[in-house]
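Two complexes, one shared chain (subunit A), two partners (subunit B, subunit C).
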Partner chain A sequence: MLALSVASSSIVSGVLLGGMLALAALGLSIVLGVMRLVNLAHGDFLLVGAYAGFFFFTFTGVDPLLGLPVIALFVAALAIPVYRYLLQPLAERGAEAQMMTMFAISIILENVFVLAFSADTRSIGVSYAALPLTLGPVTVPLVYVIGFAISLVAILAVHWLIARTAFGRDLRASAADAEAAATIGVDVNRVRMLTFALGVACAGIGGTLIGTAFQFSPSSGGAYLLNSLAIVVLGGLGNVLGTLFGGLALGALQSVGGLALGDGYRDLVGMAIFLLVLAFRPEGFARGRR
Partner chain B sequence: MKREKIAPAPREAAVILVAFAVLWFAPAFIGEYGLQLGFRTLIYLTLAEGWNLMAGSAGLVSLGTSCFVGLGAYVAYGLLNGLDLPLPAALVVCALSGAALAALVSPALFRLRGLYFTVGTLALAELLRLIMINVSAFGGATGFFLKNDPPALPILFRYALAVAVIAALAATLCVRTRASVILRSVRDDEDAAAQMGVRPFRVKLAAFMLASALAAMAGAVQAVKLGAIEPYGMFGLQWSIDVLTMVIIGGVGARLGPLVGALFVIALGEALADYPEAHIAIAGVILIVLIRFAPRGIVGLAAALGRAARGRALA
Partner chain C sequence: MTANALKVCAAAIVVATTFGLASASADEIVIGASLPLSGPLAGFGSFQQWGYKRAVDEVNKAGGIEVNGKKEMVKLIIRDDKTDPNATASNTETLLSRDGAVAMLGSCTPALVNAGALVAERAKKPLVTGCDPLEAFKSVRNWKWVWDIFFDEPELANAELKAVQDWGAKTNMKLAIWHDNGPDGQVVGGKLWPEVAKSFGYEVVQNAEFPVDNTQFTSIIGEAKSKDADVVLVDAITPQAIAIRKQMAAEGYTPKVLNIEKGAEPVQFAEALGKLSDGVLVGGYWDPSFPYPAAADLSKAFESETKLSSSQHIADSYAAAQVLLDAIVTAGSTDAGKINAALAKTNKTYVVGPVKFDENHTAKLPIVALQWQGGKTVIVWPKSEKTGDFLFPLP
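What follows is the complex of A and B.
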C-alpha cells in the first residue's frame, strides 16, 4: 500500500511537472514552426523567468504567481530587441546563423547569471511551497497543482490565440509558407517578431512556475531546453494540444524511469525518448495538423 | 556558383607533412609551458578540423563534440586498463568506435533536414554523460584512474601531433579533391545534389563519421594525459562550445579556419584565465558579432582586407 502510494504520487507529480514544462515546450515549438529556428537559448530564457520570479518575490513580497503577467511582459520585452537587432538581420542567411546566434546568447546568459546571481542553487520560497495535497493514495505538493493549473490555462490561451485570432491566422500562414503569406499581405517579419516574443514569454512563465516548484541554478538551462525538445517531438511539431500531451507523457515516463531505475535516470529517460522518437517516429505521436 | 580556387592536394599535403616533421622535434626546444599550450592547441585543432568538415562542407552544425571526446576517453581507458592494449592500437579502436556511434545515431539525427542535428547531438552528449554518471560499471560520477602511469609530456605531445596531422590530411583529402565537389553540392542544395545522383545521406554520414572518429582519438589522447577521467569533464559541454567557437571565429569552411580559430581561442583563454565566466561570455559576444558582420571569420576577413589592399595598390 505504501509502495503504491509512493509510486502513484511520484507519477502524478511527474505528470504535473510535465504539464508545467509543456508551456515552455510550446514556446519552443511555435518559434520552431514559424521561424524554423531551434531556439538554443530557450532554457536560459526559462531561467530568466525563474530569476525574475525570484527577485520579484524577494523585493515586492507579492506572490510571484500573481506577478506572472508582469514577468511575462518583462521576458517578452527582452525578446523583442534580441529578434530585432540580432535575429532579423540574419533572416536571409539560413537557419544556422540564427541558431548559432541563439547559442551564443545562451552561453552569455548562463555566465551572466553566474556573475550576477552567483552559481548558487535557488528556489522561489513561497509560503505554501511545502504544503502537501492528498487525494486518496496520491500526495503531491500543492505548488505542483497550482503551477500545473496555471500552465494549462496559459497553454489553452495560446491555443486560442493561434486558432481563433487574426494574429493566429497570420502566424499559421507564416508557418505554412512564409512567401505565400507575404504575397497576400501578411507582415511576416512582424509575425515572426511577435511569435518569438510569445515563445520566449511562454518560457519565462514556465520558468517562474518551475522555479516555484523546484530548484534552479545558472546551469539548469540546458536540461530544460532538451526536455522541452523531447516534449515537442513527442507531441508533434506545431501541434499545440499535442505538445500538452507530450509534456504529460514525458513527465509520467520520467517518473516511471526514476522509480524503476533510480532518480538519476529521470533526465536520461528524457534524452533517450527524444532520440528514439526522432529515429522511429519523427512526426510525433499525436495525429494532427502540422 | 563562384569558382573557388583549389590548391593542389599534393602540395598542401606536403606542407602539412613538413610542419609535422618540424613540430616532431619541438619538445626539445619549447619547454614545459609551451608543450602544454601546444598539446592543447593540437587537440583543439583536431576537433576543429572535424567540425569544420561537417559544418563547412556538409552543412552539419554539431553541438555533440563532447559526446565523442568522452566516448574516446572511456573506450581508451577500457582498452588500456582492461586489455593492456598499446596506445596506438587503442587509438585506432577509439576512432572506429567514434565512427560506429555516429553511424548508429545518424538515422535519428539526420531527420528534418538537419534541423534536429544540432540539438540531437546535444541530447546525445547529455545522454552518454548521464549513462556514465548513473551506471556504476562505467565508473559512475567518480570515473576511472589510468592503471599505468601516462607517458611523459613530450611523448603525449607527439601523439597529439600525429592525431592532428591525420585530421589535417583527412581535411585536405576532403576539400582539395573531387570529394569536395560532392560535399559542397550537398551543403548548397540537397535536392539538386540528389537529382545529380549524389546521395546526401551517405555524404553527410561520411563527414559525421570522420569527424567523430577524429574527436574520439583526440578525446583518448587528452584522457591519457589527464591520468584520470570523470563524466562531467570528459562529456562537458565546454568541448562543444570551444570547438564551435573556434571554427566560427576562424572561418567556417575556410581551410585555415580551424588553425586560426584554435590559436585565437587558446590565446583568449590564456589572456582571461583568471575570469572563466567572463571568458565564455566574451567568446559569446565575439561569436554574435562575427556571425553578423564577418560570417567567414578571421580568415575571410583577412582575405577581404587583402583583396581591398591589392585593389588600392592597383588603382
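What follows is the complex of A and C.
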C-alpha cells in the first residue's frame, strides 16, 4: 500500500508541474484561438527559451529566472520575422499551409540546435533546482513551487492583457470574427503577428522554467508539444484561465495515473484524457473565450 | 509540361545511378556506419564517430589497404540514425545498397545495434560493433555476419555490489532497482540485478520499470524513499539518468549508493549535473590507465583534438573499426565472405584488450566499477586497478 507521503507528494508535485506546463500551453492556445494555427514548432520555440536560459546563466552567472523578461523578448523577437515572412504570405491559403510551414520550421530548428549546441542533453544548473521543500508529509521540488508561482503570475498577466487592454480587445475581436474586426478598423495582421509573438514568448518562458526543473536536448520539443496540446484541449481553446485549469488537472491526473500504474504511464494517462475530452467535450471543460 | 517533367526525372535517375555506381566502383573501400549523432543517445554517437574515423584515418595515412594486389584507400560513410532503430535499419540498407559499403560498423545500445545488425545479416555483409552488451546481442539470434566486442551483463550486474562489498561500505541492505524497458534494461534490471542483489544478501524493496523516454520519476523516487532503500541501481539512457538524479535531489532522497548504468557513462551526464554527479557509480570496460597498446595515447589524442573529456566509447569504437580493417587486410579482398571468415579468426590485443570471438560471435571485455568524482570517472573496483578511492556515502 502506498505511503501517504508518497501519494500526497506525488499529487502536489503533479499539480505544480501542471501549472508550469500551462504557461507553455497558453502560448499554443492563444495562437490557435486567434490564428486558427496549430503551431507545430511550439515545442521547439520552448527549447529556444530553454537554450536561451541555459546560455544566459552560463555566460552571465545571473539567475535565468531573473532574466525571464529578456528571454521572453528575445524569443518574441525571433517570432516576428517568422510570422511576417513565412506565415503572413500564406494567410489566404488556409490553415494547412501555415501548419506545414511550422512543421518545416520545427525540423529546421531541431537541426539548428544540433549544429549550434550539439545533441547533448543539458540542464540549467541553478542550485535550487536540486532542493526539496517539505511541508508535513509533503515533499516537493522547490523549483516546481518557484516555477508554478512564475507561471501563475505570467498567466494572470496574459489574462489581464487580453481582458483589460485595447490590444486584448482587438485580439478577442480578431479571434471571434477576423473579417468583422477588420471592417471596424482592427489591424488583424498586426494583431496576429503580436499574438504569435506573445504565444512564442509564453513558450520561451515556459522553456526556461522547464530547462531549470528538468533536462532538455534538441529533440525534446515534441513531447512538450503533445503535453501542451492535451492541456489546451482540456482547458478549452483560447481560454487563458481554462488553460491554467487544464494544466493543473492534467498534472494531477497524470500523477494519479503514475501512482496507480507506475511513472511510465503518466504520458499514456495524459493522452487518454486528451482523446476522451476530444471525443466527449471538444470545447474543453472551461467554457468561454477569455 | 508533363513530358518535360518526365525528362527531368529520367535525367536525374541517370545522373544519380551513374554517380551511385561511380562511388561504389571507385578505387576505395567503403565502410558504412549508422550512429546516433542526434537524439537521446547522441552522447554516445559523437565518441563512436571519433573512434571509427581515427581508425580509418590511421589506415589511410599508412597508404590504405591492399586488396587484390592493389592498395586502396578506405572511405567511411556515417549516417545519423537520430537514436531511432527504424532509421538505423534504413541507414544500413542505404549504406549497403546505395553507398556500396562492403562492411559495416555498429551503432550504440542493443535497440540500435541490433536493428542495423539484422539488416547486415540479411544482406550477408559483415558488421562489427561495440556498445551492445553481449547477452542482449546473443538473445536476438545466432549471428553469422555480425560480431560484438563489449561487456557481459552478468559481470556488470555484479561489479558495483562487489565494489560496495570490497570497500566495506555499510548499508541497511535494502535495495531499489529502476530500469527502462529497453532490451538491456530488461535484461539487467528485470532479470540480473534482482538475482545478484539477493546473492549479496540485499532485500529488493522495489523493482520499477519505465519506458525508455520517460521523464517523470516522482512516484518511483517517492516509493524508494519511503521504503528506505540505501542502495539504488538504475538502468536508463542519459536524458533519463540526468532527470532521475536531479529529481532525486529535488525530492530530498539521497541513498548511500547510487549506480546508474548506461546513462551515466557519457561526460554530458556530469556536465549537466555538476556536483550532483559526484559519487554516482557506473560500470566501465575501458580506461586510459589500462595496460593495452596505445590506451593512454588514445585518450590524449581525443582530448587534444576535441578539447573534450574522453569517454570509454572512443575505445570500443576504435577497436571495432580496427578489427574490421584488420580483417579486410587479412582477407586481401572486399568479398564479404572472405572478410567474415577473417573476422572469425581475429586473435589480437587491441586498445580494449585481447579480442578473440567465441562461437556466439562475441568478444568479452572485462568490467570495472567507475565512479564520478569532480567531473571525471575514476576506477574504484577492482581495487587492484583503482585510480581513486571509493566515495561513500553518496554526497
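In this section, the second predicted complex is superposed on the first by the 286 of 290 C-alpha atoms of A that agree within 3 Å, B and C clash if a C-alpha of one lies under 4 Å from a C-alpha of the other, contacts with A are read in each partner's own complex, and residues count from 1 in each chain.
Keep in mind that, in the parts below, a residue touches a chain if its C-beta (ideal position, glycine included) is under 8 Å from a C-beta of that chain, and two chains touch if they have at least 3 such contacts.
Please read these numbers as outputs of a predicted model, since none were measured by experiment.
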item: Which superposed partner A:99 touches (first subunit B, second subunit C, both, neither); value: first
item: Which superposed partner A:166 touches (first subunit B, second subunit C, both, neither); value: neither
item: Partner chain in contact with A:143 - subunit B first, subunit C second, else both or neither; value: second
item: Partner chain in contact with A:125 - subunit B first, subunit C second, else both or neither; value: second
item: First, second, both or neither for A:258, with subunit B first and subunit C second; value: second
item: Which superposed partner A:184 touches (first subunit B, second subunit C, both, neither); value: neither
item: Partner chain(s) touched by A:114 [first = subunit B, second = subunit C, both, neither]; value: both
item: Doubly contacted subunit A residues - partners subunit C and subunit B; value: 110-111, 114, 223, 262, 264, 267
item: Footprint of subunit C on subunit A - complex, ascending; value: 2-3, 5-6, 9-10, 13-14, 17, 110-111, 114, 118-123, 125, 129-132, 134, 139-144, 213-215, 217-220, 223, 254-255, 258-259, 262-264, 266-267
item: Interfacial residue positions of subunit B with respect to subunit A in the complex; value: 55, 59, 61, 63, 105, 107-109, 111-112, 115-116, 118-120, 122-124, 126-127, 130-131, 133-134, 237, 241, 244, 248, 277-278, 280-281, 283-285, 287-288, 291-292, 295
item: Complex contact set, residues of subunit C against subunit A; value: 37-40, 42-43, 45-46, 82-83, 181, 208-211, 213-220, 222-223, 225-226, 238-239, 242-243, 246-247, 249-252, 268, 271-274, 276
item: Subunit A residues within the subunit B interface of the complex; value: 32, 36, 38, 40, 86, 89-90, 93, 95-97, 99-101, 103-108, 110-112, 114-115, 222-223, 225-226, 229-230, 233, 261-262, 264-265, 267-268, 271-272, 274-276, 278-279, 282
